[in-house]
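All remarks here apply to the structure that follows.
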Amino acid sequence: AEQTARFLERVDAEERIEPNDFMPAAYRRTLARQISQHAHSEIIGMQPEGNWITRAPSLRRKAALLAKVQDECGHGLYLYAAAETLGIAREEFVEQLLSGRAKYSSIFNYPTMTWADIGAIGWLVDGAAIMNQIPLCRCSYGPYARAMIRVCKEESFHQRQGYEIMMTLARGSAEQKAMAQDALNRWWWPSLMMFGPPDGQSTHSDMSTRWKIKRFSNDDLRRKFVDATVPQATYLGLTLPDPDLRFDPETGHWAHGAIDWEEFRNVIAGNGPCNADRLARRRETHESGAWVREAAAAHAARQKARRAA
Amino acid sequence: AEQTARFLERVDAEERIEPNDFMPAAYRRTLARQISQHAHSEIIGMQPEGNWITRAPSLRRKAALLAKVQDECGHGLYLYAAAETLGIAREEFVEQLLSGRAKYSSIFNYPTMTWADIGAIGWLVDGAAIMNQIPLCRCSYGPYARAMIRVCKEESFHQRQGYEIMMTLARGSAEQKAMAQDALNRWWWPSLMMFGPPDGQSTHSDMSTRWKIKRFSNDDLRRKFVDATVPQATYLGLTLPDPDLRFDPETGHWAHGAIDWEEFRNVIAGNGPCNADRLARRRETHESGAWVREAAAAHAARQKARRAA
Amino acid sequence: MEEDMALANMGLDLIGQARALYTHAAEIEDAGHDEDQLAYLRDERAYGNLLLVEQPNGDFAQTMVRQFLYAAFIDPYWRLLTGSADATLAAIAAKAEKESAYHLRHSAEWVIRLGDGTAESHRRARAAIARLFPYTNEMFDVPADEDVLAAEGLVPDPAALRAVWRDTVSDVLGRATLALPEGGWMQSGGRDGRHSEHLGPLLAELQFLQRSFPGATW
Amino acid sequence: MEEDMALANMGLDLIGQARALYTHAAEIEDAGHDEDQLAYLRDERAYGNLLLVEQPNGDFAQTMVRQFLYAAFIDPYWRLLTGSADATLAAIAAKAEKESAYHLRHSAEWVIRLGDGTAESHRRARAAIARLFPYTNEMFDVPADEDVLAAEGLVPDPAALRAVWRDTVSDVLGRATLALPEGGWMQSGGRDGRHSEHLGPLLAELQFLQRSFPGATW
């Protein structure tokens, strides 16, 4: 109890908690869950964009998309490393993902149907991710905060790239502009859902806020995102698919229409358009790599034995 | 010896030899080899054309190509059935193909690079096959002769289809005409090789002729093919890739330039552009079907047991 | 190889049905289009196919289960469509129904063989059903604007086929010693052009030549 | 996943090299083309790539062996090209050589690990070498018209690299406990646009969007 009090004092003083410091078991559990889910999201998030690497419409776009997907893999790796500092091995996190017990961001269960989806993901999904992640750069747990600083820097680059794809389409032919609008129509609402359930319905928020893992409420972050995105859409000449969207002069914020939380719960529960495909693909990749991992281990063991001899 | 003499008399009298009739062991061996090679050629021949089913340029062409590849499968099946009448099970022939011991027509070791190759195969390869096969409709072995009658009917339909594809391309845009000419350039010489080595170098011909399996020499059949094809190419407005080709007014036949028999021997020996791919593909298909064959057998056995019970 | 032949037969029947329908649609549209225009020059979002039929072949169990689940729906659908007030549509349906009856019989026999075959084939068949079942509900939705056509007696109401489909599937799965999935989430969106990621690469191959040589005749 | 990163790095380096070369080629050609014109709007027969690099990924052994056999050639080739009389080409080569040296080291390490790993990885590595070796001789042929360029000191003679390539491959395969294939038939034709059947579907995906929306900017 005294340790816990001391821990809370340190958190209040904005000190960073490091792996060898004392931390309450629930804090450790919460962080392990959140960081590993975040890592899983990066890894699964490679799939919808990876779907367009072979079909990217120019070499420049192809290189940028491949680099982006590679960055996501890198983010996954930093985040697994940050989660491992909590005393759980990466294999365990991977096993949770493959068995379907662990969650990942529900947005990656939507399919990428056209090239414009690549632009919309960069602009909206990475944009929403950044809103969520910037406060995490000041999270009380040191390794997570440091990983997020690096991730946020790359994400904002991705977000600008995605916006630029949308801009090119919006200023292109009528077909291209229609493709951009269609992608916006499909990705807008799922992006708003990325901030999680409305305040009051969120199950993990209270303690997370107390522990300075979470610094803003879901609704606050969502509001920031909408405020930032509405003028961007206007600039693109595209229409947000929300007839109820309006600027509220009293609050100074944009107010959006009702979100279909039923859809959100369904996708989280495994019923999104691509949940089954995403996990199946991840499992296949993992299984088809088994013989390679075994070979690498066998070779390393033999090398070690040779050196010892 | 008396039986053999009687057998030769029957052959001379143009009687058909049937499965239960006496036949010399060498006759049986020769036929089993020839018919099974012919069957293998049909089965392997599905691959170069199958390569374009998903990319066929219209629904009509797609349906025709799929039907053609299906016909080749059908031909393979009749021919295996004809070969089985010689007392060897189909599994054995398939095993010879998969192990690489059996040969098949070397023409199918060339790749189909453009849509025009589908036209060229129909026109030239099926055309050459028909030249080879029409005399086989009168072959001394009854089951083979009857299978060939059916095969030839379908092949000549395929040949007309191929010619019509070439015609459409030759009368199309400059790019399409160039595509047709390019395919002709690549397929012409391999088609001439389909008739086998020049007379005198052919190893199996003498006895086959005596037994009325073979009725024309390789060079005779090749000459017929060239005579038939030259005016067709002229009609298409395409140029045969042989600067030495000329009409010989004395013989009344077209004389072609020298054939690169070195290439022929190499492709037969397994060194064609696609030999390795063709066999690998056939093996994969065979292996990936193993569990299905086992399931069908297990179900059939269970059904039988149920009926008996 | 016998099975290659049967699958090619089904493929040919299905291409033939598609061509007949496209040609009829192009005639009705009367905008100078033809079957190839409709198949080769539309983008993914303009394709209103069922999600079920764009699912990958996977292994032989997945291919056969997909064909079975579809045939169990489309065979009685064609039968109802033979009564269409549109004579051409009724004629297309009459031909297609004979073909789909064979597809249904053939695929059902395989589902039974695989389900009641070896442990491996049972496992694969079960996995295929689990993977594909969520795409079956969409078949019974009335596509946008089709209610008008149904009211005029031009097309049947697919919802009416739910019971007969369920009976067929339940009977065959029973004989295959496979369980009929109960409840569970159902996917939709194909009718509105919201596709899985499996359709795009198929269209890239399908349309490549037409797109590369615009306006050429093949 | 670490290996995903490394493979993506190689892919990015190779795309970067291709873009630099295409851009330079387009400048020299001076016909208003750009890198994408050269990559996206040429047909298969106009692609003069090595057959080796169009072979399918297959399993991880096949991917790695392919990259290794190529890197063992292209790394010393880039090194020679740094001495090109064409300053742009020399600069492209100087950058590419650093990248290819890494590709060579990385792929060689994997070939050794797989060859000297488990029985299964050894078998797979051996099969990959048997499958891909026939495509290696083509690397040392002087492409049509390049003799003129070589005479002017613009490009090196690839035939001069045969010995160093063989030494590298022989050394790595030796450490991998894998045999260097001796003799055997060698394939060719890629330089003249005579491709295997693996290239067509790759180009269909690569070029699909450019072909579907002619003249659009992306």
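So that you can tell them apart, the chains are marked A, B, C and D in the order they are listed, and the count of residues begins at 1 in each.
Keep in mind that, in the parts below, a contact is a pair of C-beta atoms (placed from the backbone, for glycine too) under 8 Å apart; a residue touches a chain by one contact, two chains touch by 3 or more.
Bear in mind the structure is a predicted one, so any value in this text is a computation, not a measurement.
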* Asked: Centre-to-centre on C-alpha atoms, which chain is most distant from subunit D?
  -> C
* Structure fact -> Of B-C and B-D, the pair joined by more C-beta contact pairs is B-C
* To do: Averaged over CA atoms, how far is the centre of subunit A from the centre of subunit D? Could you give it in whole Å?
  => 35
* Rounded Å distance, subunit A centre to subunit B centre (Cα mean) -> 57
* To do: List, in ascending order, every residue of subunit B touching at least 2 other chains.
  => 55
* Asked: What are the residue numbers in subunit D that touch two or more other chains?
  -> 43, 201, 204-205, 208
* Asked: Connecting every touching chain pair, does the picture come out as line, ring, star, complete or other?
  -> other
* Structure fact -> Inter-chain touches occur between A-C, A-D, B-C, B-D, C-D
* Structure fact -> Per the touch rule above, subunit C residues touching subunit D in the complex are 43, 201, 204-205, 207-208, 211-212, 214
* Structure fact -> In the complex, subunit B touches subunit D at residues 48, 51, 55, 111-114, 182, 186, 266, 269-271, 273-274, 276-277, 280
* **Residues on subunit B engaged by subunit C in the complex (per definition of touch)** => 43, 54-63, 66-67, 69-70, 73-74, 76-77, 115, 165, 168-169, 172-173, 175-176, 288-289, 291-292, 294-296, 298-300, 302
* Over in the complex, which subunit D residues touch subunit A? Could you list them? => 1-5, 8-9, 11-12, 15-16, 18-19, 22, 35-36, 39-40, 59-60, 112-114, 116-118, 120-121, 124, 202, 205-206, 208-210, 213, 216-218
* Quick one: which bits of subunit C touch subunit A in the complex? Just the residue numbers, please. => 43-45, 131, 134, 185, 187, 189, 194-197, 199-201, 204
